[in-house]
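Look at the two complexes coming up: subunit A is in both, with subunit B in one and subunit C in the other.
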Partner chain A sequence: MQVYIAKRLLSMLPVLLLVATFVFFIVQLMPGSVIEYMFGGVAGEEGGLPPIGAEHIREELGLDLPMHVQYWNWLRRAARLDFGDSMLTREPVIQRIIDRFPRTLLLMGTALVLSIIVAIPIGVISALKQYSVLDHVVTGTSFLAISIPSFFVGLGAVYIFSSLLRWTPVGGMAPVGTTSPPLLVRMHYMILPVLVVSLRQAASFARYLRSGMLEVISKQYVSTARSKGLSEYVVVLKHALPNALIPLITIIGIRLPVIFGGSVVIERIFSWPGIGSLTLNALQQRDLTMVVGINMFFALFVLFANLLADISYALVDPRIRYG
Partner chain B sequence: MINYKRLRSLLVILLALSMVFVFATACGPEEVTDDPADEPADDPADEPADDPADEPEDVPTELRMGRSNPPDVLNIFRARGGATAFPSSQIYGLLVRWNDNQEYIPYGAESWEVSDDDRTYTFHLDRDNVWHDGEPVIAQDYKMTFELACNPESYAIAYADLQSIVGAEEYYEGEADEIVGIEVIDDYTLSVTTEEPDAVLLLGLMQPVVPHHIFGDVAPADIDGHEYWRKPIGFGPYKHVEYVTDQYLRLEAHEDYVLGEPGIQHVVIDYSDSTNHLPMFERQELDWIRAPRDEMDRVDAIPHAKTYYGGPYGYQVARINMNQERFQDVRVRRAILHAIDRPGILEGPGHGEGEIAHSPFIAPWVDRSQVVEYDYDPDRAKELFDEAGWDYSEPIEILTFDSPRYIDIASIMERNLDAVGVDANITLGDFTSMYGRYSDGDYGFYSGYFMFSADPHTLANCWSSSGARNPETGYQNPRLDELFREGRATLDTSERAEIYGEVLGILSEDAVEIGLYGGDTSQTAHENIVGPDTRGFYHFMQFQDIHNLWEWEWTGPR
Partner chain C sequence: MTNESNNQEQLQESDVTSSAVWKRFRKHKVATAGIVILVTLILVAVFAPFIAPNDPYEVRTGRRLEAPSSEFPLGLDRIGRCTFSRLIYASRISLSVGVISAGVSLIIGVVLGSIAGYYGGIADHLLGRLADGMLSLPAIVIIMTIVLALGTHILNVMVVIGVLGWVGIFRLVRGQMLSLREQEFYLSAVSLGASPFKVVKDHLLPNAISAVIVAVTLRTAAAILTESTLSFLGFGIQPPLASWGNMLNAAQNQSILVNNPYMWAPPGFAIALTVLCVNFLGDGLRDALDPTSQLGIKQD
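Moving on, here comes the complex of A and B:
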């Protein structure tokens, strides 16, 4: 297992390098620069920076260097896990990420856990009661939840639950002007975004689990277990569910980038100050170092999450061995 | 075989981790503050709505404002965009300011006189003016600020406005250690001498002032990285208390504010998505918002809402790149003006609130009698295109932003141009992309929004051949250059009114831009707040119609 983990860690390096290279040059190719953002914000008739001042800031940000030199300089620092400073705020990129990521993890992580907790019983019952009214209702609802985009559900939820019914706050993660509200208040702010994210995920996971369960319960070993007189509870929970969960773990691992990538939209809708909104702002601002840093961080996160998913196979199924 | 015990362990671990993670993250101090040391977890300021001091009369002491663009940085030598402008205008102070008629009146200077040759201004500073940390504001503060604003190592952001001062050019070029034309006579007397009389000197001197007792020994190149910007000290109406990055900025009244103590003790600027502001206002989570114009019916239905309508401080405009040969013929530009249904644009995307921008909206005292107005007349447009020998096979690319108002405007222009046989297509992008292309001159037709300033001389930046923004437009006219020189050197307002009246006449006759409309503005506040203005300026430090925030007051409960 250790050898396997070491190999997987090593194999991440070229992936990370490719991600860094791709993102770095793509962002460089985008029209406009952080300087336009900084000084064009007023978009007025003002004169902008005079030539010497403009030259000075370009030099300071390293934007006067050829693109490949900028890339090499960035890469050398990144190799030491130093993603540089934000071109705009001059704060270390890693510091901004560390500040923001826990908030995204709180939102998307809670939604992920909730969606798994909801999806398991729904998927199992739906499979066991195949073609029943319950199965049709669950299947129809799942398709509906998967089909409607999250941003639409989010906006609709804000309108209904916040504006009309006034049950939940409109957005943010704490009352205006506060940072550390009591747990219950924080949870109140989380309810709507978490439900919006987990609704779609739970529906999707339930569909996968239903398929997995249907496949497993038709296997011989499940029939054997039943013929031995084991209770249905034991047959399902001990013999069928663990096997049906294996593909779900794979799906969760694969979908992690999508789930966390979705934070960009959800955080914007709910004014949630996480890494998704940081990403969107950095892109609009052409804060090159920030955009590349965030992408590298996401790449690392997803690679590690997938590694964990692979390791968890071994925990679930002893037949799976690595190395 | 499946290992049931392992599965159970995995599920238990997953559940336990999720619980720990939810509790740890929900309760943990995950926020970034400027200065964590001064923000205890149980700071009573964290509970704005329940300030015990309010209880006797139930009148709040805090105003919660909704704005969408958080300031990236409060370094006023580096950032002058709208996001930085509003908080800066509350924190920093000025030497002089405008009154409602945009005449200069005292602020940090309680009076001033101008020498007989109109070249030297002597300012007498207010002796009661103090910084937020209690230090007196002295002449050295102003001198250092104006010099830093001209120093390339601190980006020389105001050099264009201050270059007429004696010695400014030498200082900017690195040939002098100070601007000799800015002289500290004593702690409370400052003089500024220009090479020639300069009508826009006072506008140039409206720079946010920073303290000499903090920056006096700091090299200009180290200014940007200085700790000061995390919690700046100014002498504006409000003190910076706390900025939680991208979430909110908390301000507190500067009780010794030189113009009088602010009426509201605490201000919290909440930086959430603008689409959330109206529902937050409905729920009384915010006390002040800018509601979308197409939602005013919904605003009017809110019992506690009071909306203040004001005039424009900017205008929608389409710029034509006259560096391109096909747009150099004035008949083509006039044809475009006739082709575009500007009344329709004002009625549609502009909601019928505002006026058509036949000329840039500048100081009201400028004579507009020479402005040429172009009616919506597609037949005349076609004639002019034909006369100019327009190549109908060559399309016009309309650059604009990917937001509804800009898309609507561009769509109307696209249809209007198609109607006269001109092939037009729209390219959308975010602000930085599109403005970047405009700044690089990589455009033919750019539809955007431009602020206007109080002094008509700011037009020179675009339309005089030496203007910093002139290369983007590609328009040059020796008569205009002459008028701009004359206008800057003339201090008499009535004479300037005529000079810039002629400037407007030439600009409109030459159809240098497609002025669309100046849209009226509005702000919505709680009905028990008094003070919001209907007069909108645009100046970095005298910001829109919320420039007089310090005069606002709560008169009743929230």
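Moving on, here comes the complex of A and C:
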């Protein structure tokens, strides 16, 4: 196991270097610059360029150096997980990511957990009662879930539940001006975005679990368990379900980039100050170090999450051994 | 069909002649409904100038956010353009971005997948690593980054979405190649001295085509969704061009969201309907082309 983990960690390095190099050079092509943004005006749009001080800032940010020198300087720091400083606020990129990411994790993590909790019973029941009404509803919902854009669901939810019914706040994490609101207030702000994300996920997770269950139920060890006279309850929960969960773990592992990429849209709609909002702002402000840092962070996060998913197979399924 | 004789064996277990495929496809009711709606949408896109009641680009500054009327069925947008006409013209953007992006993914996926599956070894290993790298990034963030860097021109949007969407088709083609290489017709073609290009083109690809068609259809649906998301966030198709996604961009304004739902809800439903129909089409094609497949969303 240790050897396997070490090998996997090593094989991440070329992938990370590839991502780093590609993203570093592609962002240099962006029209406009952070300096134009600082001096008012929208970055990328033509307008009066700042005459005084701009050169000084360029020097300070190291933007006057040749590109390969900039790249090398950045790479040397990145190797120590230091992705440089934000061009706009001059704070370390990694610090801003660390400030923002827990909020995204709170939102997307809660949604992920909720969707798994909802998907398990629904997936199991629709497999056991194939072609029942519930089964058809799950199939239909999962088609809708993959077809309706998340931003439309989000806007629709804000329109109905926040604007018309006034059940939930329009957006944000907490009332303006409060730093540590009580748990119930936090939940009130979280409930709508969490539901929007998790309902869509739950539908597709339930589909995967249903397929997994259908496959497992026809296996001989399930028949054996039944013929031993075990109750249906024990057969399903103890013998069939754990095996049917393996493909679901794979899917969640594969989907992680998509799930966390989705934070860009959800956080924009619900004004959630997480890493998705940070990404959009950084792009709009042409804060290049920030953009590169966020991309690197996402890549690292996903690679580690996939590694964890692979390790967790071994925990769920003792037949899987990594040499 | 150049290799009718090659298919002889498969004909018995699953009839792949076009009439049998069509028969199976028509049994899939939602897929048939999906294709009818899609054809209608394509006609709307093609004949947009004749259907749209007004010029979609004409700005009427004095009549911003005007409510629906007989002249403007869905009212006027933020700067006084006819929402209904924009909705109709936007179908051109969504459909063409979907099809062309999927085409780009198809070409890259088939070429790289064939190379990896046919040659194996170091080529397969390197391409596999590249695919892993692509999948480890949240597609939407990297697509926004690249589109912004290259410029938000519609061609860039199409190409970038396509270029970042090849991994699924690549893995599919590679897998099919690997399993087809175990079969006898492959060995006979190689021993008759056919070149690798010819073996792949004439013998391996035709046998993988069903799975690839299904994958490309689903890719089209995904590309339409990606374009709409990008445009919604303001990093995709830029006004004055109308795309269903950028029409929804206005709804990020709280006042428009609340007071002008007829402005942003129709393009939202249009995206959902289009993508749903393409997904149904893909599902129907899977059942029709590949009846033995167990991977389908529908398992009956």
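Note that the second predicted complex is superposed on the first by the 311 of 323 C-alpha atoms of A that agree within 3 Å, B and C clash if a C-alpha of one lies under 4 Å from a C-alpha of the other, contacts with A are read in each partner's own complex, and residues count from 1 in each chain.
One rule holds in what follows: a residue touches a chain if its C-beta (ideal position, glycine included) is under 8 Å from a C-beta of that chain, and two chains touch if they have at least 3 such contacts.
Quick caveat, the model's predicted, so the values are computed rather than measured.
Undergrad: Quick check for you: in the superposed arrangement, does A:V235 touch first (subunit B), second (subunit C), both or neither?
TA: In the superposition, A:V235 contacts neither subunit B nor subunit C.
Undergrad: If we overlay the two complexes on their shared chain A, which of subunit B and subunit C does A:S163 touch? Say first, second, both or neither.
TA: A:S163: touches subunit B and subunit C.
Undergrad: Residues of subunit A touched by subunit B versus by subunit C: which partner has the larger set?
TA: B
Undergrad: May I ask you to decide whether A:R268 touches subunit B, subunit C, both, or neither, giving the answer as first, second, both or neither?
TA: both
Undergrad: Once the shared chain is lined up, is A:Q285 touching subunit B (first), subunit C (second), both, or neither of them?
TA: A:Q285 sits against subunit B, while subunit C stays out of touch.
Undergrad: Touching A:A203, do we find subunit B (first), subunit C (second), both, or neither?
TA: A:A203 sits against neither subunit B nor subunit C.
Undergrad: A:P31 in the overlay: touching subunit B, subunit C, both, or neither? Say first, second, both or neither.
TA: Both: A:P31 reaches subunit B and subunit C.
Undergrad: Touch test for A:I294: subunit B only (first), subunit C only (second), both, or neither?
TA: In the superposition, A:I294 contacts subunit C only.
Undergrad: Looking at A:N306 after the superposition, I want to know if it touches subunit B, subunit C, both of them or none. Which is it: first, second, both, neither?
TA: Only subunit C is touched by A:N306; subunit B is not.
Undergrad: Considering only the touch criterion stated at the top, classify A:I217 as touching first (subunit B), second (subunit C), both, or neither.
TA: neither
Undergrad: Which parts of subunit A are in contact with subunit B and also with subunit C?
TA: Overlap of subunit B and subunit C footprints on subunit A: residues 30-31, 155, 158-159, 163, 170, 268-269, 283.
Undergrad: Give the list of subunit B residues in touch with subunit A in this complex.
TA: Against subunit A, the touching part of subunit B is residues 1-4, 6-7, 9-10, 14, 18, 21-23, 25-33, 39, 41, 45-49, 62, 64, 72-73, 78-85, 152-153, 155-157, 159-161, 172-173, 224-225, 244-248, 250, 268, 270, 272-273, 275-276, 279-280, 282-283, 285-286, 314, 360, 429-437, 439, 442, 448-453, 458-459, 461-462, 467-469, 538, 540.
Undergrad: What does subunit A use to touch subunit C in their complex?
TA: Residue positions touching the partner: 11, 14-15, 18-19, 23, 26-31, 131, 139, 142-144, 146-152, 155-156, 158-159, 163, 170, 207, 211, 214, 254, 257-258, 260-262, 264-265, 268-269, 279-280, 283, 291, 294-295, 298-299, 302-303, 306.
Undergrad: Given the complex with subunit A, which residues does subunit C contribute to the contact?
TA: Within the complex, subunit C contacts subunit A at residues 129-130, 132-133, 135-142, 144-146, 148-151, 221, 225, 228-229, 232-233, 235, 245, 248, 251-252, 254, 257-258, 261, 264-265, 268, 271-272, 275-276, 279-280, 283, 297-300.
Undergrad: Of all residues in subunit A, which touch subunit B in the complex?
TA: Residues in contact with subunit B: 30-33, 36-50, 52-53, 55-57, 60, 88-90, 95-96, 99, 102-103, 105-106, 109-110, 113, 116, 155, 158-159, 162-163, 166, 169-172, 175-180, 183, 186-187, 190, 238-239, 242-243, 245, 268-271, 273, 277-278, 281, 283-286, 312, 315-319.
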